[in-house]
Structure formats: structure tokens, C-alpha cells
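You will see chain A twice below: alongside chain B first, and alongside chain C after that.
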Partner chain A sequence: MMRIIINECKKALTSPILIALFILFSAFNIFVIISSSDHKEELKMVNEIIDQYGKDITDNSMERFESDIQMDFAELSRMTGSEFTSVYEFLDGLRFEDQEKYNDEQWEFFNRLQLKEMYLNTAKSIDESYGEIDIRKTAESEIKKYGLSGNAAETLMNEYDKFSERFDEMVNNGEHKQWFFAGKAYFMHSFLFKTVFLHIIIEALLLIVLSTALITTYEFENKTHLVAYSTKRGRKLMKNKLLASLAIATTIIVFLFAITLGTFFTVFDYSQIWNTSISSAFNWEYNFPYVAWWDLSVGTFLIGLIALVFIVLLLFVGLTFALSVVVKNSYITFFSIAALFIFMWLLPSFMPTSSILLFVFAYTLPTLLLAIGSSFMGSSGLIMFENFEWMTISCWTVITLAVSFMSYIRFKKIDIS
Partner chain B sequence: MLVVKDVSKRYGDFTALQQVNMEFNTGLYGLLAPNGAGKTTLIKMLATLITPSEGEIQYNGKNILEMDEQYRDLLGFLPQQFGYYKNYSPKQYMLYLAALKGIGKKEALQKIDELLDKVALSDVVNKKMKKFSGGMIQRVGIAQALLNDPKILILDEPTAGLDPKERARFRHLLTELARERLVIISTHIVSDIESIANEIIMIKNKQLLYKDSVEKICATLNGNVFETTIDFDYLEEFRKKYVLLSEKQEYGKMIVRFIHKGAPEMEWNSVPSQLEDVFLYEYRDVIEGEE
Partner chain C sequence: MRILWNELKKIFTWKTMLLLLFINSVLYFLLIEFYIEYFPNGSEVYSYNIGVEMVEKYGATMDENEFIDFQKTYEDKAEEATQYLQSREDAVGNGLDTYEKFQAYDWQNSSQKASDLQGDIFFESEIDLFWELQEFERLIDFYNYRKSIPDVLTDNQRARLNELIAKEKFGVYTEIAMSNFKHFIANVGVAILFSVVLVISPMILKDRSRGILPLQYTSKKGRNLLKTKLLAGYIATFLVITGLLAVYFSLYSLNNTSMFFKVHVNTFIANESWYDPTFFQFIMLCVAAIYLIGFIFVTLSMSFSNVVPNLVSLIGIQIPFIVGFLIFGLSRLLPYMISVWNPKWLAPVSYGSMIIISFIIVYCLVKREKKVDVLM
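After this line comes the complex of A and B, so read on.
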């Protein structure tokens, strides 16, 4: 059994196109991360703040932080010879020709102070900003934005009511009062969980669909099917091919994640951030902060997302397997899966905006994958439902198991000629 | 031993085989029919690759489809188009097939060396097969069919691509193998099996025509095969009148071999019938159609 699986894996591992694509994708990801890393030094400030004042923004820690900054202001005054209550005041008043009056070390001090002040000001304004948030109004504006009516509008409103409770709970817990990279300045959440994850997802998906189709259809494409399926193992070989495809998919996912996230966390310092809540007020990039349905730390959120991606990609192995056993051609399989992926992703847009089918048909694997950065969030528009991730995964696990099983049973009976 | 019982195979409206019955025991069977007569269909059914639409095939009283692995464990099969992995060496490919046949690696390695030697490929054991000639590939195919020391060996057009020397060696190998197992060879080349087959099976109009020894099949035309010398100009007319088996030119005249089932003419020589004669006679419509 094991020898057969290893032999099947070898077929994918020695495929020049798969190897070339894997190297290309890895290099591309490293390039994307490094070329977006101009601000990596600035990001270290949050780690320093957490190191000194703890991850929670409390009255006490704010007091200490503020008094330290006051000392910095005193230092600033000493350096410049004038009184400032904000580094911005100094910078705004700085004339071009005066810039050279200060050495590198002093500039470093100004820049650091500027960052500290930015974080302090944002932290100070948290209560005010969150006080302005009215979940019901947000719901209404979402409903208006998508032109929802009838059942759809009602369902979304109900979910927002539920989310409103969670929002209050989150605020009471103080999950939002934890230090994280300033969202509006660096967009680190979007960069990691949307851009980088999306790269990994699309690349892994391509490699996995190709390798699964390659392994499954290998005998038919090399015309060795008559020999292979008339051996003792016979058509049960397909089971080994499925296991081999899963093993190869796992390998691809592990290596692609390891290379890409390895690079990411080497370049960007997250050392003190892991325990910060993902619903931190600093994790506010656009109109609405990221607010998760559960109290999740950055580390847990990352692991959760990796697990989601891993499961969904393995489900794609199953779906690809089911299809390629029937069509017996790797290219047709590949393009059919691609078409199916796009079709499922577009499915909700064919639904009436008054029907809950609009939401039901969004419970698909492509929607889950392409909106991966918004997973577990109550702030993610039409897929903000609390049960979105686990329902999608559960339903599609059942569907995938069923179609793979039916496809295999059919293959056991059909003529091979 | 191996029994084909009332087997029919239909593909939609097309019938490939109808109500075929036959029995195989130890020995060498030659399945002789022109292309398209249903040989490959029968063989693929014997290899469990396709399922009969009606009837069943039994091995020692058990349906081979129900026996599943147990049956295929006894089977060695070389299909008409033997596919292989171009970038694999014969050894690598046979190791893979050995795994599929449930043979342990150590045992397989020994067996592979032995078999590749038997088919005279020991010099190229580790060479990639993409550089192999058709004959060499065919010999790999024969070797892989023998990997599991099969009780039932089925070879579909095994001599395709082999040169005369290889064919002779192959016939020798088959005779040796058929001493203790059932060997079924499908071919449309009479000379491949004429001298070595214990029995010949002929399929015609989707049904079994003959399943008998070469002598008995030849006897069906005894006294009906003649040779005579005619003028070249007369050939066309002669062709229309009789079933011509062969013709050859000699000293400006034609020596023709033909079949006639009535009273012979004076100048005709009655000659003993051969398997080739029966083949050409029985399949005259199909063969003419092909031409």
C-alpha cells in the first residue's frame, strides 16, 4: 500500500511543470513581501510599546506612556530650544533649510517620537471612536449599499442585532484596547491576511488541482491504464491515488505556507503582537474596525485561518479527484475546476436581493477562500454571519465526500478500454 | 478452469460479442480473428477491464468479477497497446507494477532481473524507455505480464513490433510457459501461433466459430483446397469464380491456391489445407472489406 502511494506521489514530485510553478510562486511571494517592507522598522515600535507598557491599554499604562512621552517632549525642547506639546507642532514649523541642523540620531528620535505620539493619540481616541459606532446604522447602510429588501434585509438585520451584542461584549471585555500596528497607516491585517494569504491560496490551489488531476489521470494519459487496472490492486488503485493526492497537497500547502509566512515573519516583527486581540482598535483600516465574533488573539486568528485554508484546499483535492476520475483528462479537469470555482464565486450575484438565497449561495468554498481575511469577522458585509465558516466547511465536506465516493463507486464498475 | 459462459457485450446499439461460450484449460490458446472481430473485447473481459452485458466468466466455478483481487492475482496481461512511462527505466516501471501486483520489493527486484534477462533486455535495465524501439517496449510488456508468475497469461497481439528473430524466441518462450499455465494469445498473424497453439479460437459474426486443434480446423477444408497454374489474363475471371487464397507469379504464369467445394477439374492439384487457408476462407468478406 505505502509503496503504491509513494510511487503515485513520485509522479507529481517529478513533474517539471509543478516543480517550476512551485519555485516561481515561492520566489514571487518572497518578492511581494520584501518589496512591501519599507516600513518594517517603524512596525517595531508596537513591540516596544507592548514590551514596556503591556499589551492592554489601561488607564495606568496610558498614564505611564504619556508621562514618558512628556519626558521625550522635554528632550525635544532641549534639542530644539523651543517648547512643544507635540512633535507634529515641531515638524510642521520646521523650515526646509533647518532640517540639516539635526543629526541622524536626532532625526531618529523625532521619528520615534512621532510614532509614539501617533499611537498615544489613537489610543486616547478609542472610546470616542467606538462610542460613535452604531451597529444598527451600519446594518442599514449595508442593506442600502447592496439594495437588499424583504427576507434578505430582515435576515441581515437580525444577524447585525446579534453582532451588536457581541460588539458590546467585545467593548466590555476591552478586546479593542490592545496594541496592534496602526491599521490606517500600515494596513498590516490586509497585507498579511488578504494579500499574502490570497497569493498562497491561489498558488496552492493551482498546484493542488494540477497535481491531483495529474496523479488521478496519469494512467489514462500515459495509456498505462490497461496494465495498471488489470493488476491485483486493480481499480482500488484510485484510492491510493486519492491518498497520494492528499499527501502531495499537504506537502504543497506546508511548504508554501512555511516559505511565505517564514519570510513574512522574518521581515516583520510580530514577536510581541501574538497575544493582542484581532479586534484591536488599531486594527481599523477602512470605515469599520475588524471585530471578530469571538475573542481571538492575532496568533489564534492566524492559526485559525491556516486551518481553514488547509481544510478548504483538501476539499478541493476531493472535488478535483471526483471530476478527474470521470473525465480522465488533466487539462479538462483543470479548466472545469477553474470554471466551477468562478461560477460558485459569482453564484450569489445571480440571486434576487430580496431572498435569503443571496446568503445561502455565498456559503461556498471560493467565497470563503477569496474573503479569507474577513473570516471569523462580524464586520465582513454579506458574509458576516457567525456560522459562515463552520457551516460552509461542514456542508462542503459532506458534498465533497459524497461526490468523491460516488465517482469512485462509478469507476469501480465502468468499462476501462 | 476458465469458462466463458453465454457472454455478450453490447455498447449501446452495437453488439461486439453475442452468446459466446468457451472453456480454457492449461495450454496455449490462439485467438485468431481479423481486427475488429471482437478479440480485444473478449480479452478485456478476461482481464476484468470490461464487464459482460450478459453472461459471466468463471474461474474454477467462481465469477471472476466477484473473485476480484484474487482472480487478478493469477493474471498476467499484455494489452494490445502497451503503455509505459517514458521517463522510467524498465526496472523502475516494473517495480511500480510489482507494487500494484502485491509483490514485495526484494522479491520483485530479483524477479525483474530474471525476467528482463529472459527477454534479452538485461543491458538496458536502467535506461529510460523513451529511447527504446517498439520491439524492446513489447519485450518489457511481455516481462511485466510474467512478474507475478501468473496462472493465466493473456497476451493481446504480443508479436507486434517484434522482428523475425524476436518472434522465434518469443514462440519458444511461450511454449515453455504454456506447459504449466493457461496462455491465451490473440493475433491476426497465423504463423505466430500455428505451430505452437494447442487450440485455435476463431470468432466470426460476433460469435464463436471454431475452438479446436489446428488439425481439426484444417480438416474442415480437407479436399477443398487446390492449386493450379493459369494464364495471367485469366486471373480476373478466376478470382470471380473461386475463393482465392494466394497467388504467385512463375515463368509468366500464375500459380493460384483456392477453395472449391464441388467436383474438381482435371488440371487442379488437391493440396492439404492449412490454418491460413481456413482463416482466409472464413474471413474473406471482412478481409476484402478491409482491402
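After this line comes the complex of A and C, so read on.
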């Protein structure tokens, strides 16, 4: 039995095209990460700030931070010979021909001071900018933006009321008062959890669907089905093929994640960031900050997302398996899965904007995968529901198990000659 | 002839057709529908209406007298706006009793009453006048800046822009019809590329994996059969592309842009190009480019189909080529192929070299097939 699984795995593992694609994808991911790493040195500033003042932004730590910056200003005045209360003031007033006057070390000092001042100013304005947030207004503008009415509007409004409580709780806990990379300057959350994760997801999906279809339809496409399915093991071989596909998928996911995220965290220094809350006020990229439904740290959030992606991709193995057992053709399987993927993602847009179906049909695996960076968030538009992730996963686990089981049962008795 | 017919029947099985239909409807809703359903999009409708009027009144080009007339239309409308403002008490009360004052008002630091008035005029009242005026102003601005060229340019680009100015080919007409078409055609290109590759790819591989090559190659027709198969592949490509283009262009006709067809591309705002076809000729150029892209990628598909061991490898090996083309090639070689912002030689050289490579591939395929060991 074990030997059969290993031999089934070999069918995918020894396929030169799949291996070449895997290498190509990994290289592409590494390229994407390296080519957008211009600001990686600047990012280290947050690590230094956390190192010195702790991850929480308290009155006490702000005082220390501010007095240190005052000392830096004194240093600036000594260097330039005039008084400044902000490094921006100095840089704005700097004439082009004066730039030569300062050496590299001094420029380094100016740049660092500029960064520190940016973080200090943002931290100071947290209370004010969070005071301006009115969840009810946000809800109303979302409803207007998507043109919702009736039941749909009501449902979304209720969820926003719930979110409003969570938001207040978060503000009381001070989850937002923790240091993180400045969102509006670097977009690190989007880069890691959207760009990089989406690359991994799409690539892994391609490889997984291809390898599963290859293993499952192998006997039919090589005309060995009459032999293979008349052995003692017989049509139970399909079970081994499913296990082999799952094993291959796991291997692909693990290695793709390891290579890509390994590169990412070598290039970008996250060493002090792990314990910062994902709902940090600095994690504010567009017109609303990222606010999670639970108190998650960056590290937990990352692990949570990896787990989500892993489960969803394994579910896709099951769905591909179910379809290719029925179709018995890897080519048609691949394109059908691709088309179904897009179709399910588009489903909500076919629904009336007055009906709650609009939300129900968003509980699909493609929606979950393609919006992975907004998982667990209350600030993610129409899929902001608290139960979105676990409901999607559990519903689709049931569906996947059911269709796989049905197509397997059907296969056991079908005429395959 | 009968063999060719039978090969074609092997390509167009009902399963493939069904899949083709499914994939295209999904891709239509994903990529194309937006540019049909939402044209003109929101406030673009004023731009569209004014553009249509301009074309009807001034024809395909606009000289200075016609521009003076255009400006007069604007002034009439502004007068109308003034009258409207004077009829409103809240406007007069805020000192905004003429359109000039309304325009010159400092909206960044406006009073609450004034911004209420502005919101009411633009969003609440059913009055299009102020939106139209904004569009007029935008078009007049473009006309006023028609002779200025950006700083960062290569020598060739600067020469071309100066040449356009010397020939008085200015971007004066609204660009929305053009940009809508560019988005539309790029996405049609994607849908068609996927479709032809989907339909044609497995054809040659199917015979090999069924193990009927030894049988086919010992018949009277022998190894020349590959030529017939390639021909069948190209005919099928032509049919698929033509059929899909017919469907997509009949959908495009809903956009109602035919009045712009006689306008030259350089006469649209921000559409400086190396050549100066009319909009209609540009559409034909894009259609030709889609056929070329289709034939080139089908050549690639058929050659892979002749060498790879199984269907999964057939898909896998094409992924980098197609994705690479979509990322780096498509927009440069289809909607922006004559744009001045791409080097002049880029599109001709790329298409030329891809065509030459295709011919070499076909030649090698046919030659290889004459001697290859089909039992392997």
C-alpha cells in the first residue's frame, strides 16, 4: 500500500515539466521580492524603535522617544548652525548647492532623523485619527458604494454594528498603539499578504491541479487502466491516487512557502515585529486601517494565513480529484477547474444587490484565496463577516468530501473499457 | 481533402466546443463585460456627448475657426449657467451669482453653505450643465496646451511629436472612445489567445497517445499527414478567431462609437502614435494583430503537442510562454503597438521575428517528422 502511494507520487515527481515550472515559479517569486526591496534598510528603523522603547506606544515611551529626538534636533542645530524644530523644515529650506556641504555620515543622520520624526508624528496623531473614525458612517458609505438595499443592506449594517463593538474594544485594549512599518509609506502588509501570497497561491494552484490531474488520469491517458484496475488492488487504486496527490500537494506547498517566505524574511527584517498587533495604527494603507476581529499579532496572523492557504489548497486537490475521476481527461479537468475558479469568484456579482445571497455566494474558496490579505479583518468590505473564514472552510470541506466520495463510489462501478 | 475534413472534425468535438463556450463566457464576465456595460462610465457620459457633437459639427479634424466656434458654445453654456445661478437664492446669497465667480471660488476652503450648494448642483439636482462645462474646460485646456511637449523624451519621440505639431495634428477630441476600445481589445486578445490554445493544443498529441501513428504513417498518405494536421490546425484557428471576433465585436457595437471611426488616432487626446490611421483603420490593425498572435501561439502549441509526453506537460510547458506574453507583450503589441511611448521598431520587429520563428518551427517539425522514430 505504501509502495503504491510512493510509486504514484513518482509519476508527478519525475515529470520534468512540473519540476521546471516549480523552479521557474520559485525564481520568479525571489525576483519579485528582491526587486521591490529598495526600502529594506529604512524598514529597520521600526526594529530599532521597538528595541529601545518597547512595542507599545505609551505616554511614557513616547516621552522618552520625543526627548531623544529633541537631542537629535540639538545635534542637527549644531551641525547646521541654525535652529530647527523639524528635520523637514531643514530639508525643505536646503538649497541645491548646499547639499554638498554635508558628508555621507551626516546625510545618514538626516535621513534617520527624518524617519524617526515621521514615526513620532504618526504616533502622536493616532488618537486624533482614530477619533475621527465612525464605523456607522463607514457602513453607510460601503452600502452606498455597492448600491445595496433591502436585506443585504440590513445584514451588512448589523455586522458593522458588531464590528463597531469590536473596534471600540480594540481601541480600549490599545492594540492599535503598537509600532509597525508605516503603512502609507511602505505598504508592507499589502506586499506580503497580498502580492507575495497571491503569487504563491496562484503558482501552487497551477502545480497542484496539474499534478493531481496527472496522477488521477494517468492510467486512462496511458492506456493502462484495463490492467491497473483489474489487479487485486483494483479500483481502490483511486484512493491511493488521492493520497498520493495530497502528499504531492503538501510537498509543493511546503517548499514553495519555505523558499518564498524564506527569501522574504531574509530580505526584510521582521525580527522585532512579530508581537506587534496586526491592527496597529501604522498598518493603515488606504482610507481605513486594517482592523482584525481578534487580537492577533503579526506572527499569529501569518501562521493563520498559511494554515488557511494550506487547507484551501488541499481542498482543491479534492475537487480536482473528484472532477478528473469523472472526466478521465487531465486537459479538460484543468481548464474546467480554471473556469470554475473564475466563475465562483464572479458569483456574487451576478446576485441582486438587495438580497443576502450576495453575501452567501461570496463564501467560496476562490474569494477566500484571492482576498487572503483581508482574512480575519473587519475592514474588508463585503466579506468582512466575522464567520467568513471558518464558515467557508467548513462548508467547502463538507462539499469537497461529498463530491470526492460520490465520484469515487460512482467510479467503482462504472464501465471503464 | 477528406482527410483534412476529418482532422477538423477531430478538433471540433462537442466536448471542446462546450469547454470553449464555458471558458469564453467566464472570461467575458471577468474581462470584457465591464467595457461594454459601463461605457460611457459615470460622468464620462458628458465627455462622450460633447465628443459626438464635436465630430458631427466639425468633422474629423478641427481648425482654429472651428475651435473659436467651440469656445463660443462653451461661453453660451457658461452664460446659461450664470442664469441658472442667478435663479437660485442660495447661490446669490453666497455671492456666487455668475459662473465666473462660481469657477474662481476657492473650493478648498469653502464655507459649509457654498459646498452644500456645490454638492447640490453636481450630485442632487438633475442638471447636467455644470458637468458639461467642466468637460468643455478640460477639452479647451488640452487645446491650449496642444503645442507643448513633455521634457523626458527620446530623440525619436521628440521628433515625432514636433512633426505632429507641424502637421497640426493635435489631440482635441475626447479620448474615452479610444481608451475604452484599447481596454476592450486587449481583453478580447486575452480571451482569444486562451481559446485558440485550448482548442488546438491537444490535436497532434491525441493521435500519438492513442498509438495510432504507426497505422497512419504506413498508409498511402504516410508521414505527409502531419502537414494536413498542421493545416487543419491553422484552419481551425482561423475559424475560432473569426467566430469569437464576430461575437465580441457585435457586443462592442453596443458601445456606439462609430461616429468616431473617421477620426485619426493622433487627433484623440493623449494618443500620440507613430502612424496616423483613422480609428476604424486602427481597429482593423488590432484585428490583424490578434490573428497574428493567434497563429503564432498556435504554431507554438502544435510544436509542443508534437513532442511532449502527455497532456499535463502540454499545459505546463505553455504556462510560462503565455503568462510571459500576457505580462510583457500583450499591451505593447496590441493596444499600444503604434503608441509613441513604445519604440517605433518594437511592434514590427517583435511580430516579424515571431513570424520568422514560427516558419522555422513549422519547417523543423515537418522535416523532423519525416525521419523520427514513431515507435518511441
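What we mean here is this: the second predicted complex is superposed on the first by the 417 of 417 C-alpha atoms of A that agree within 3 Å, B and C clash if a C-alpha of one lies under 4 Å from a C-alpha of the other, contacts with A are read in each partner's own complex, and residues count from 1 in each chain.
In this text, contacts are C-beta pairs under 8 Å (C-beta built on N, C-alpha and C of every residue); 3 or more make two chains touch, one makes a residue touch a chain.
Note that the coordinates shown come from a computational prediction; the quantities given were computed from them, not determined experimentally.
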item: Which of chain B and chain C A:L18 touches, first, second, both or neither; value: second
item: Which of chain B and chain C A:K413 touches, first, second, both or neither; value: first
item: Partner chain(s) touched by A:K223 [first = chain B, second = chain C, both, neither]; value: both
item: Touched partner set for A:R3, first chain B, second chain C, both or neither; value: first
item: Partner chain(s) touched by A:G234 [first = chain B, second = chain C, both, neither]; value: first
item: Chain B versus chain C as contact partner of A:L206, first or second or both or neither; value: second
item: Which superposed partner A:S336 touches (first chain B, second chain C, both, neither); value: second
item: First (chain B), second (chain C), both or neither touched by A:L214; value: second
item: Which of chain B and chain C A:L346 touches, first, second, both or neither; value: second
item: Set of chain A residues, in rising order, touched by both chain B and chain C; value: 222-223
item: Contact footprint of chain B on chain A as seen in their complex; value: 3-4, 7, 14, 219, 222-234, 236-237, 413, 415-417
item: Residues of chain B defined as touching chain A within the complex; value: 44, 47-51, 68-69, 72-73, 75, 77-79, 81-87, 96-97, 99-102, 105, 141, 144, 148
item: Touching residues on chain A, where the partner in the complex is chain C; value: 15-18, 20-21, 24, 206, 210-211, 213-214, 221-223, 329-332, 334-336, 338-339, 342-343, 346, 349-350
item: Footprint of chain A on chain C - complex, ascending; value: 15, 19, 22-23, 26-27, 29-30, 198, 201-202, 209-211, 308, 310-317, 319-320
